[in-house]
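Next come two complexes built around subunit A: one with subunit B, the other with subunit C.
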Partner chain A sequence: MRVLTDRLFQAFTMLVALSVSIILAFILFQLIKDGIGSINLNFFIETARPVGSNSGGFKQAIVGSLIIDSIAMVIIISLSVLGGLFLHVYPEALLSKILKEAMSLLQGTPTIVCGICVYYMVVRSMGHFSGFAGSIALALVGIPYMVLASEQIFKMTPSLLVEAAYSLGLSKTRVIFYVILRFSKFPLLAISLLTLARIAGETAPLLFTAFGNSFLELNPGRPMAAMPLQIFIYAISPYDEWHRLAWAGALLLIIFVTVLSIILGRYRRLGE
Partner chain B sequence: MFKKAQDIVSFRSIDLANFSLFDLFLKIVAVFLIFLPVLIFIILFINSLPAISKLGFSVFTTNNWDPVSDKFGVIAPLLVTVMVGVISTVLGLMISTPIALFLSFYSRGKISSFFSTVIDALASIPSVVLGLWAIFYVAPHIDTIETVIKSIFGFIPFLNGNPSPFGLLTTILILTLMLVPIQTVLIKELITMVPRNLLEAGFSLGTTKYEIVKNLILPFIGQGIVAVVFLSLARGMEETMATAMLIGNRPLFPDSIFSPTATLTSIIANEFSEAFSKTYLSVLFELGLILFALVFLTNVCAKFILRILYRRFR
Partner chain C sequence: MIKMKLQDVHAFFGKNEVLKSINLDIYDKAVTSIIGPSGCGKTTLLRCLNRMHELDKNASIKGRILLDNEDIFKMDLYKVRRKVGMVFQSPNPFPFMSIQDNVLAGFLMSGKRLSKNQKEEICEKNLRRVALWEESKDRLRNLPTNLSGGQQQRLCIARALANDPEIILMDEPTSALDPISTSKIEELIIGLKNEIVIVIVTHNMQQAARISDFTSFMYLGNLIEYGVTEQIFKVPKEKLTEDYITGRFG
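Take a look at the complex of A and B:
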């Protein structure tokens, strides 16, 4: 009887796990089924077209996403590596305790709130929406993860190396540059890519900052399209043609995000 | 007190031999980063001041959303936000606890890593993609589910209403799906906190895994689960895109669990670019402020509980 209950419970837990996997398989299957048909050359080389022309693509969104995300990543990496270094160099200082709390507070901030704050700060003062504002909003979302993760990365530096460097008479700055940063090059790259995967799918911060654009725009000072934004706009539109494009965009986005985060699964838990 | 103040700005007086520009730079960046969440709060507060001074507490007493005549009832979206968060958290726990138990006790090797990958993949799906999927593959079928629920549980007042493809239920189901991976990871983490020797003692007595789970694991992680509940509640309440795409956007209190309504996030997402008056825009900032405070409080609760737990077991 006891063994039977155990077996039943095991079967139950397995069933739940299986059903969630089936749902995931379902999502992926339908994404591929509906998306693959619209991914062709036109999808990459054409910008948005009006409904009825039966063509059009995602070029402006792909390019926009690339530009917005790379500017955001430059901001995120430069600020959070320094923040992480500060946490690592002064682990006991009151300032770093406050910094940690502030980062977890920022981590908990709803992404749409980041969006409207950047709207007030940047968009209002510039007078129009811009891709740059989108980058700042995304940076606000990405910074806390990266700061906390990079601190954990720096902690992994063998203390033997650090002590050896100090005993050679190197200054703190040189130890940071020659030992700590050099040692954590690859893990830092990994968590930057993970942060990129995280922000690449974020839509809410871009709604009122990058705003979207139907035409190719290379100047980040102007309103710009982005992948998740374009998917959202097409998804809530009433046209089948646009729905197909939305599916194709979603497929592309998910290939990028999911593959990136599964490959780097080892580093996933850092910074949470 | 004096020493604390020194810690904040520990520049080690003016010792030029030891002074490093890089060090100073690090400190400036740290202060800047600390300033960010404060800045967000200040911006939200400044922008919601016009609404607060003009409407005062009336936003909490009116149940009406009529931007043309400056009537904004915040209480309905606020309650709906909490409700969506709570229901999907509870539903999510029912799914994620068995999965976490399965991953940590009933599976090993390849099976375990396969299901961990599934959970990771599910966590990494952007919410806008999940929303897209739900619009086309969940919402059209939700009518059938709702009719079934209505015919069985129709006697309960809140479960008796007109089925609609976009509404509370759709949102709750998708949010549950989004919360499951987060909760699973957290619960797995909690299970690893259970002392190894207790488990081994249990197994050496010849108990089955089910009895271990029921009598040892679940009571042990009980408090931790409360923290998980708060954490995923915060995640559920701040979720924007899927909610905005699925909830139906009718900023009134729902008649039933099927009816379209609106949460704080969905109102901001859908109406921010259409706000035509100063008060309207300011009210939307006020919604943001309320959301910020709500999520902050929830996160603080979770942190507090986790801190107590860590102190007890470490």
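Take a look at the complex of A and C:
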């Protein structure tokens, strides 16, 4: 009976794993089938073109995403590492409890709400959409995730190492900088890449902030295109030509996230 | 000459009193061992000597501990810990630093600038003091994770020595090591006692008898007996000490 239950449970878990893998395989298959045909040199070096020109690419969206995501990551990493450190060093402080609750709440907030908040706080006060506003909206999505993850990472620092540093006569600040942060370097890098993978595909926060742009724009103070935004614009259009570009864009985004995951795997090994 | 003097020291974790009125003199150029059954307060006593006990948020200490007649609770905390170094139960070199940087950790982490020559000199001197130079001189830039447990522990002693302390506290430094590594550390302790004061907590009574000049026996947070090692092991004054040494309880 025990063996039978074991076999049944094994078969059930395998079935579940297989069905999840089938969904993933289907998505990948569909993306490759419809997207690969449109990925060519023009896709990378041309900006959006009007319908009927039978060309046009994602250049403005790729560059826009790079700029918006980079600014967002700078904001996310700097604030989250500090926030995570505060939670780790002063876990009993009232501010820590408030911060932790706020981060948990923000983590569950729909991303479009982050976009609307930034629209009211930044876009309206600036008077126009901008890549910078998009970065802030993405940062709002990424920060709670990374603050809570950083706190967990800092907690993993072995107390033996922390005590060894204190026994050498080091102050708390130096122990944080030289032991906790150095020990957490690789996990923090890994979690940053995960956060980047998470925000890179976000569309909703960019709708009311970065807004999108059909032309190449390098100034983050102005409306900018971004990969997910461009995919959204192409996908909701009635034109087959733009649909193909949307599939290609989605495929590129998936490739980007996959590459990040591979790098992440390497960092994980380095961390160990 | 008395190097460190404990006067009516009480230590607490919250309201729980784990050390009860300890009075103890630690002599210069000698090895003092602290023995006793598990949970008797040996490690807490050791951690009071360089104020590591205070790292625990619920911990507190009462009484006076004098280092060269100066109360360590009135001294700068970091200065106390630089003067009274510590080696832990499990080897704990910093895994993200090279062997050389581990030896120099006290300098590098406190922001002291050293020339390349000074670095090499301090590193060689201290690795020689712990008899690790010959084994590691060709891989000073490597991470310490490739060293054996015994070598890592000697590296930790070198790290503590490089900080130029006056006293080194050792909390069961050989409990995680094999017999050969243990004997090397013991030789090292005997060799170092002319330069530095060593206080060692050990579970191993033979070890205490082999390497220490003075032995203190603790039981349930009380210092039951303290004296010259030979006297403690041969003619203990207290019945409890005799029972512990002869293995009637432990």
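Methods note: the second predicted complex is superposed on the first by the 239 of 272 C-alpha atoms of A that agree within 3 Å, B and C clash if a C-alpha of one lies under 4 Å from a C-alpha of the other, contacts with A are read in each partner's own complex, and residues count from 1 in each chain.
Definition applied: a residue touches a chain if its C-beta (ideal position, glycine included) is under 8 Å from a C-beta of that chain, and two chains touch if they have at least 3 such contacts.
From a predicted model like this one, the values you see are computed outputs, not experimental measurements.
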item: Partner chain(s) touched by A:Gly56 [first = subunit B, second = subunit C, both, neither]; value: neither
item: Partner chain in contact with A:Gly134 - subunit B first, subunit C second, else both or neither; value: neither
item: Touched partner set for A:Ile143, first subunit B, second subunit C, both or neither; value: first
item: Partner chain in contact with A:Ile254 - subunit B first, subunit C second, else both or neither; value: first
item: Superposed model, subunit A: greater residue contact from subunit B or subunit C; value: B
item: Which superposed partner A:Ser171 touches (first subunit B, second subunit C, both, neither); value: both
item: Which of subunit B and subunit C A:Val16 touches, first, second, both or neither; value: first
item: Contacts of A:Phe232 with subunit B and subunit C, given as first, second, both or neither; value: first
item: Which of subunit B and subunit C A:Gly212 touches, first, second, both or neither; value: neither
item: Set intersection of subunit A contacts, subunit C complex versus subunit B complex; value: 171
item: Subunit A partner contacts - residues on subunit B that touch it in the complex; value: 4, 7-8, 10, 20, 22-23, 25-27, 29-34, 36-40, 43-44, 47, 95, 98-99, 101-103, 106-107, 115-133, 135-137, 177, 180, 185, 208-211, 213, 234, 237-238, 240-241, 245, 265, 268-269, 272-273, 284-285, 288, 291-292, 295-296, 299, 303
item: Of all residues in subunit C, those that touch subunit A in their complex; value: 50, 52, 55, 57, 78-82, 85-86, 88, 90, 92, 94-96, 105-106, 108-111, 156, 159-160, 163
item: Parts of subunit A lying in touch with subunit B, wherever the complex brings them together; value: 2-3, 5-6, 9-10, 12-14, 16-17, 20-21, 23-24, 26-27, 30-31, 34, 79-80, 82-83, 85-87, 89-90, 93-96, 98-99, 102-106, 108-114, 116-117, 119-121, 140, 143, 147, 171-173, 176, 197, 200-204, 207-208, 228, 231-232, 235-236, 243, 246-247, 250, 253-254, 257-258, 261-262, 265, 268-269
item: Sites on subunit A touched by subunit C in the complex; value: 92, 158, 160-161, 163-171, 174, 178-179, 182-183, 185
